[in-house]
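Chain IDs A, B, C and D follow the sequence of writing; residue 1 opens each chain.
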Amino acid sequence: MGAGQPGNRERPITMTDRTMTEQKTTEQKTSDPTRFLSHLELDQPDKTFLDSNELVINMGPQHPATHGVLRVILKLDGEKVLGTECVIGYLHRGVEKIAENRTYTMFNPYVDRMDYVAAVSNGLGYCEAVEKLLNIEAPPRAKYIRVILTELNRMASHQLWLGTHALDIGAMTPLFYTFRDREEILKIFEKYCGARLTTHAFRIGGCQYETYEGFERDVIKFLNFVPPKIDEYEELLTSNRIWLERTKNVGVISRADAIALGVTGPVLRASGVKWDLRKAQPYAAYSDFDFEIPIGTNGDTYDRYTVRMEEMRQSLRIIRQAVERIPEGPIMAKVPKVIKPPVGEIYHSIEAPKGELGYFIVSDGSTQPYRVRVRPPSFVNLQALDIMVRGALVADVIAVIGTLDIVLGEVDR
Amino acid sequence: MLDYITSYLSSDTTPGQAGNVFWAFVYIMVVFGGISVAVMAMNWLERKALAHFQIRLGPMRVGPHGLLQPIADAIKLMTKEDIIPAEADKFVFWIAPLIILCASFAVYIVVPFGPTHAITDLNIGILFMLGVSSLSVLGVVMAGWASNSHYPLIGALRSSAQMVSYEVAMGMAVVSAVLMTSLHGLGPYGVGVGTSGTGTLSMIGIVQAQQEQHVWFLFKFFPLGFIAFGIFAIAMVAETNRAPFDLPEAESELTAGFHTEYSGLRWSLFMLGEYAAMIAVSSIAVTLWLGGWYRPFPNTLTGETWDLVFSLFPGLSFLALAAIAFVGVRRMPKHPYFRVQTIGLAGFGAVLGLIGLILFAPPMRDRVQDIFWFVAKVAGFMYLYIWYRATFPRYRFDQLMKVGWKVLLPIGIGVLILTAVLGVVL
Amino acid sequence: MQQVVQPGMQPVATTFFFYFLSGLTLVSGVFVITRKNPVHSALALIFGLLAQAGLYLMLYAPFVAGVQIILYAGGIMVLFLFVIMLVNIERSQKEEQFNKQWLVGLLAAIALGALFVVVYVKGKNLFPYRIAQPIENSNTQQIGVMLYGQYMFAFEIASLLLLVAIIGAVVMAKKRI
Amino acid sequence: MAPIGTLHYLVTAAALFILGVIGVLTRRNVVIVLMSIELILNAVNLNLVAFSRLWGLNGQVFAIFVITDAAAEAAVGLGILIAFFRNKETVNVDEVDLLKW
């Protein structure tokens, strides 16, 4: 508006100006941390549809596509997203506080309830952290079992992600296909430890259970069963024109931004950073196996999709190697009956399906941890939502929430 | 009075044209009742077929293989509490589903199920159909606005923009088909010969033109008919707000779009309207490009033998359905719990078989044939709708608009011009 | 040009339908100008337009009726509803609905009405009381011929007008061009 | 009852016209003023079509032109309305008193 007023007329831009502004923007892009803040200015009065800053819409906490109880406040200009703000905490159960009143062993099942679609990974991270604190090491057979189950769990988590992500974008059918195949993994879990979702498979110092009769056979059967199924998902989606249009160049996050925000996991790798804790800081028995880290180039939703699809295949590779080479021996290290770690603190992180899952445990020498702090990948990755969707359309917000692969149990803890 | 009723039977025109109020009323009842039943059947079929696409079983509990599920759903929806939001505009909220329903049902006035099996034949038939079906946009907009809520409003804005813009491309495709009624250039098979040079907008006239020219317009001016049909087939999916163009009711984004705030009977009216509109646009497509009630291969497989063979199809298809039902009966678990269901399915199969046998009788055979082919073609489209829904992800709004305005519309105009040129040149 | 109408095509109960449809038109017109809520006005206008399409059908103008439905009810009214949704009508509903000169306006309109009455009463004989024979049953084709023949220039001007209107509307409504 | 003649249609059209005029002259809401203009145009159309029953098809052709005109008018009018509303936040016709903004 004011374009007709004198003095407000724009100065013709010269060449130097342009280069200067360009420099400025690039500089700003890398250094200014405030651009990560959302500028919602929610206290401004809600005006009408025609204003540039008018429609504030609540997506969630009851919404079919926010993967649980995430509430995203969207500021919209028509369909264009001007800014978002995530409101979390609807699933907060105070897991970290509970830890302070439980013994180390008693707290173990609680971590399963954080990322409930990847409970095995959570347990692995916690057990390894406490083991590190106690300065003991699980026996090799236990490590191999842990790797097999964790990778199976990664498969399950990615399959669930794929199904729900595709459903968000409007393709209904992959959901059922992935759930059919995830069922096979859950059956193995059920046979192993009796639980399907919140498995509580590992104990501090190793595994509680020896593998059941026919475990290897089941796993090999699964390994032969699932690759054609992955091809089937890809057949439905990868070359689908609409899928490509919906995912390519949507929710782009640059390499620098991803690192600056602390994003990890497939989201980081899709932006072209080759960072996988299984390779970078090998834990459990991962150093024994041969596998690739798939990375993307553009950091868009499509790259994240391809990275995860490839990760599924790599997981299968790891599982195959582990099952073939699984050593005999004990499954439990010598662990004191009452776990009383020495005074000290420890940070241990693993590569969960969604990214870096870290446990920071402070011990005061008693049977209960003084403080447990979890670094949940979903929580950190969720930060990137705002920068990924700003300027995009409402439909892209859904796609990006799906591609971030968040689990609200883990975000809220 | 009896004369009045029977006199129509010997005439060869639609009741609307014959001015026979009694038969017009009968036809209206039959058509609207039939459409309602078809919507219910479609509901069942969609859930069942979609389920089998998705390795599920779909409804299985209510009746054998869930055959009574639509009835159960209808009863549930009718008895459900009908919620009107406190801040909603009551009157507009109330009338919006009715507008959609009326718009999608009024279209059937001119749908030709056979040469005489239509309620009436307007000489602006196709214009009437397009016009009336475009009225459902009003219902959508009003529903979204009256709900007084953000999601329905966005859904309504989306859907009105979508329906209006796809109507344009749709109109182009329709006009090129209408043009073909007056252009008798040779088709690729050298069959497009005719005498009269007058075009028509009447639905029956369009099918008769195809009959006279011995070609479905789909194959006329070979690629052109196909392209026009393709444009229409895409635009009609967008027009009825179905996957992959179901943005207005994209459940993952807008919960349910313009009918988010509706419940119970009113919601079911929306569904009824949506499915009726799907059948309506499919019948436009069938009439314009697939020869309407005309049987397949009218130009190559001619002669009395073929006529006889094709006239057996209605009966055969019902017998096939009956056979499927009896296979289902055989595969029913032999448990007392399933006895009622087994008997029900067997009865259903018996009724289907009986209908099939009746349709073999010569007088029935000839009467029903037209309707059968029309319905079979429309059913093919219905299956396509389900197939799309099972296969495709959803477009984003800007992409949808791009497809409508930058792809379909220019191609449509091009096809229209080429059709005109070819028709004059050939 | 005069063609014998098939007996079947004679409209049924013409008198009743005429009074019904014209009554509907007028009542909806009254609603349009009296409702507070523009959406209700638009709804009334839509019904009026549809009733008028019925009147056109009674006048053997099926093409105009079709165009009326497709363009007016399906196009222009959607545009109206769209705009009503965009602008904030909450406030305008609370305000005074009629302007300060409403009495003058009403008087002027009544005067105009009186003029009409005078003209129609005086010139009653100009219009034959019975309606003329329908020109042709399907006159859609003839309208097409006229549009592309006799009225070719007007037709082109109309298309130009639409183009100008499109550009004008975009220029008006867009925030930044 | 007398058979329906041209005059019946003309009277209906005249009444509709006057309703439109009343709407234009008395209402304050721009949207309703625009709708009243549509009423006026419709009254004209009804006249044209009624006369075309008597004197050939020219009336119907003109009715189509009038509908075209109405579409153009609605598009431009509503465009102006949106521009106006964006600046003044009102749809009140009394407040349209600036020739520029």
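Note that in this section a residue touches a chain if its C-beta (ideal position, glycine included) is under 8 Å from a C-beta of that chain, and two chains touch if they have at least 3 such contacts.
What you see is a predicted model; the values in this text were computed from it and never measured.
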Inset, instruction - Select the chain whose centre, defined as the mean of its C-alpha atoms, is least distant from the mean of all protein C-alpha atoms. - result: B
Legend entry - Chain pair with the greatest number of C-beta contact pairs: C-D
Inset, instruction - Calculate how many whole Å lie between the centre of chain A and the centre of chain C, each centre taken as the average of the chain's C-alpha atoms. - result: 60
Inset, instruction - Return the distance between the CA-based centres of chain C and chain D, expressed in whole Å. - result: 7
Legend entry - Centre-of-Cα separation between chain D and chain B, whole angstrom: 36
Inset, instruction - At least two other chains touched by the same residue of chain C: list those residues. - result: 63, 67, 75, 84-88, 175
Legend entry - Multi-partner residues of chain D (each touching 2 or more other chains): 82, 85-86, 89
Inset, instruction - Give me the residues of chain B that touch two or more other chains. - result: none
Legend entry - Complex contacts: residues of chain C adjacent to chain B: 6-10, 12, 37, 39-40, 43, 46, 62-63, 65-67, 69-70, 73-75, 77-78, 81-82, 84-85, 137-138, 140-141
Inset, instruction - Going by the contact rule at the top, pick out the chain D residues touching chain C in the complex. - result: 1-12, 14-29, 31-32, 34-36, 38-39, 42, 45-46, 49-50, 52-54, 56-58, 60-61, 63-65, 67-76, 78-83, 85-86, 89-94
Legend entry - Touching residues (chain side chain C, partner chain D) in the complex: 14-15, 18, 22, 25-26, 29-30, 32-33, 35, 38, 41-42, 45, 48-49, 52, 55-56, 58-61, 63-64, 67-68, 71-72, 75-76, 79-80, 83-84, 86-89, 91-92, 95-102, 104-106, 108-110, 112-113, 116, 120, 124, 127-132, 134-135, 139, 142-143, 146-147, 150-151, 154, 158, 161-162, 164-166, 168-173, 175
Inset, instruction - Over in the complex, which chain A residues touch chain B? Could you list them? - result: 55, 57-58, 63-65, 79, 166-173, 175-177, 180, 236-237, 240, 242-243, 245-246, 393-396, 398
Legend entry - In the complex with chain C, residue positions of chain B that touch it: 13, 17-19, 21, 89, 91-92, 95, 122-124, 127-128, 130-132, 134-135, 137-138, 141-142, 144-146, 153, 156-157, 160, 164, 167, 198-199, 201
